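Everything on this sheet refers to the single structure shown next.
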Amino acid sequence: MAGVRGYFHPKTATGGSSLIPSPPWHYSGDLVTVEYRTDPARVAELLPEPLALADEDPGAVALIWADWQSCGSSKEELLDPVRAQYKEAFAVVRCSYRGKTYSRCVYIWVDKDFAIARGFHQGYPKKLGSIHMTRPHPYGPAPRIEAGASFGATLAAADRRLAEAVITLREPAETNGFVNGHPMAHHRWLPSIEKGKRLALDELIETGSASFEAGQPWSADAELALFEAPTEELARLEVHELIGAYYRQVGVSWDGGTLLETGTSGAE
Amino acid sequence: MAGVRGYFHPKTATGGSSLIPSPPWHYSGDLVTVEYRTDPARVAELLPEPLALADEDPGAVALIWADWQSCGSSKEELLDPVRAQYKEAFAVVRCSYRGKTYSRCVYIWVDKDFAIARGFHQGYPKKLGSIHMTRPHPYGPAPRIEAGASFGATLAAADRRLAEAVITLREPAETNGFVNGHPMAHHRWLPSIEKGKRLALDELIETGSASFEAGQPWSADAELALFEAPTEELARLEVHELIGAYYRQVGVSWDGGTLLETGTSGAE
Amino acid sequence: MAGVRGYFHPKTATGGSSLIPSPPWHYSGDLVTVEYRTDPARVAELLPEPLALADEDPGAVALIWADWQSCGSSKEELLDPVRAQYKEAFAVVRCSYRGKTYSRCVYIWVDKDFAIARGFHQGYPKKLGSIHMTRPHPYGPAPRIEAGASFGATLAAADRRLAEAVITLREPAETNGFVNGHPMAHHRWLPSIEKGKRLALDELIETGSASFEAGQPWSADAELALFEAPTEELARLEVHELIGAYYRQVGVSWDGGTLLETGTSGAE
Amino acid sequence: MAGVRGYFHPKTATGGSSLIPSPPWHYSGDLVTVEYRTDPARVAELLPEPLALADEDPGAVALIWADWQSCGSSKEELLDPVRAQYKEAFAVVRCSYRGKTYSRCVYIWVDKDFAIARGFHQGYPKKLGSIHMTRPHPYGPAPRIEAGASFGATLAAADRRLAEAVITLREPAETNGFVNGHPMAHHRWLPSIEKGKRLALDELIETGSASFEAGQPWSADAELALFEAPTEELARLEVHELIGAYYRQVGVSWDGGTLLETGTSGAE
């Protein structure tokens, strides 16, 4: 008996229906990053056991927009681009675990189902959203990647705008920011199917890129606004002070992570 | 220390960002059901250990379209209907487990993220799709629920049409079909975050309605067509013989299920 | 030579590509109506020559949500419902023309292209939007059409929420409101393709239903909020005083209108 | 009395609600072009009086995908990119008018309302569609613009795929094809609001770019497939022989056109 196959559901005899192929997954994309400081208590309240606030600059937040093309190892999705292209916006904070600093995505919105599925696997707490980013272009009115060029980035979900930013490039920079620069410490959680029981899945994992290439990062000036919505708490990460903003084009591969511990988050 | 809260991700201090509230979940909706026979081998290949083909009519399939409004116990989603309304189309087969007959959803497409999240929890292998159903209406050209009335139902995903049906109501019926009439035997699967390791989650669960009310079911004549697509295998469940078709309006509540066994599916 | 055919573009040898069929067009739908008073000057500024403010209650506005299924005389769209179903939200005021009171739609958002095309023809100034309305249902948590039942209605465009209402049914009513109860006085405008020339099309037309059937209207209490957006002016029609709210199910046919005059609007 | 303002509807006191600003309009974008020969009779049947088949290669068709960012003279849309970005796919043929060769768009699908409105103005017979194109990128798995790089392009409307192409770049080319290289001869048509009357608008116009800059065109090998759909006739332009394929990045401005004649198309 062959059994059902497929990296993800739906599992079938061939595996050909799986919403996502098995890793490695490859990505080409552009990133708009805006880093700012919020009240560290607002970061701390998003960190379950055994995570703690980062030692330095614990209130730092990165709000990142990304415009991706992604694929599995066959790369076939790239030629049927409805299956490759997606955009996302996500908020990253840092935390401390066993004396080491990690990044952690606390909110994220994407616009395709395969991206949601990868998020379940990687511990990104994904919802659907409507994400837009100005794209650089060598001709016409769209911006080049050069000093003075401005890029807009917006996020909406459930028909409400949640965030918008405009960044204006200043000069080549040494980094693309520091908040999203560590390995990610994420939880993978799923409730028990039985009422009142403990979580069926409660894993703390570490994950990060398997390979990375990138163009010159640019530093930028930024305007950022966050908006309230009845089912969102992004705006609780209030903007107290802008740290910096960045634009960068990257190529990334992802190929699995590491299980750190299980059953310890104390999450409901 | 309060810890993070929320039935689903993202978990926060308040729990207010959770993509879905804790059960019970309540649904109002209309169902178009088309039942047909396919090659039982095509059903068998979708049943992992320890499930087996149903004893009677093992090649029976129900393809069901549903137009839902759903909510948690606060019912607040109903008044912000972008958060309550969704449509879905799904294929159900039957199977046998420990001498008992179960229904099992083998493919399903929905059009909202909260429905995808509920699917992860309930073991429905959900993807995003574009689903449309004719709605009954008491005035104008749309059909009433009465003999001779026709309803169309269509499904597309990734910009390709996958299925379409037209049903024409014949007469009041005793049932809404038999394929989706049993408790559901579903798997909840998630790969390990570590490459080459066994599944992190491999649960066989039983789930079904906590309460159910419904109007008069109607039997119907049907035309049904399934279409090929590069990432879908619905059309492998070829239509060999139509069994029947049905229209029914229902109200349903869901409030959890039962864990049957773990680690036994042998799924990759 | 046969020439190209089709009621609308694209015109072809067969006419089969036309975005809309020739009238009559038939509609089944539900209407949520909220009527309120704004500053009459805000209404007057939307009325071009030769229209003037209505004599009575000139600041009255109706904001209406509609959930439609529509079709041409073949009714084939109803069985491929992606081509039949659409939702809209629109603001209606009244005006006076040659001593007679007309209704006039000043803003409208729809969610399908065939509805946009019909709007060009009928003088409705349509944009795309995301429109949602609670639907009545006989089972489960969704409301019945009965006293105490609440319905939500929301409008967004370009990822921003523009309006939201909740109405709670009070009792059967004699009417469905008065603002949208007159023939429509609409303009059909199109700029010249040549810069600096006068409008290529500047028609004042009268249009209305060719036939109408409807269920019992219900009066309702309402909450209504309008929101600012950079490319929208709906919120300039500020809510000074709520007049009333209504729910009604209707069946409507449209079959052409009357040209009142041309070239007189003075519009840029 | 100030009168209502705005280049397009809805016209208001400020003009700020207009679905499109007044020209000039500026565009940055990438073009995938596939040129092929069909039966010239299938082209001729799409050409109303007084247009005739082009003298040379009259069965030539260009199917073009474009991924645009566009704006008016303020360029503000670029920083709120949900208002600037859109994609389109369109079929172009050539025709002869008064001894001169013109290009003519016979079918076109776009994914934003402002693009539909510009189409009404410019005589492009636009419908809504879902359009996707692989985008070049300097890092990761997405293609660079270089020999051997492959780009996919797909079109769907009303939940059905209508066309898909894959092109593989061969070498730098002298042109981006010849079918879409002439001024456009388009009709602007609108039915009378009164049944049985002649068209209210029946204009033959000439339009083209006011300015144009572009990168190196690349020639490409191509695969192209067209699919049937109940309301579309693109597939009637059957692919008899591929001519060539091209990739090019362009910057374009549009600033009005010329009225050639009125009332002569003989269109229904």
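Going by the order they are written in, the chains are A, B, C and D; count residues from 1 in each one.
FYI, a contact is a pair of C-beta atoms (placed from the backbone, for glycine too) under 8 Å apart; a residue touches a chain by one contact, two chains touch by 3 or more.
Computed from a prediction, not measured in an experiment: that's the story for all the values here.
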item: Partner chains that chain A and chain B have in common; value: C, D
item: Same or different residue numbers at the chain B/chain C copy interface, by half rule; value: same
item: Geometric centre distance via CA averages, chain D-chain C, whole Å; value: 29
item: Intercentroid distance (Cα basis), chain C paired with chain B, Å; value: 35
item: Chain centre separation in whole Å, for chain D relative to chain B (CA means); value: 40
item: Residues of chain C whose C-beta touches two or more other chains; value: 80, 82, 130, 132, 154, 159
item: Complex interface listing, chain D residues touching chain B; value: 130, 132, 154, 156, 159-161
item: Sites on chain C touched by chain B in the complex; value: 26-30, 69-71, 75, 78-82, 84-85, 130, 132-135, 137-143, 150-154, 164, 166, 213-215, 249-253
item: Touching residues (chain side chain C, partner chain D) in the complex; value: 1-17, 19, 23, 45-49, 76, 80, 82-83, 106-108, 112-113, 116, 120-123, 125-128, 158-159, 187-195, 200-201, 203, 205, 207, 230-233, 236, 255-259, 265-268
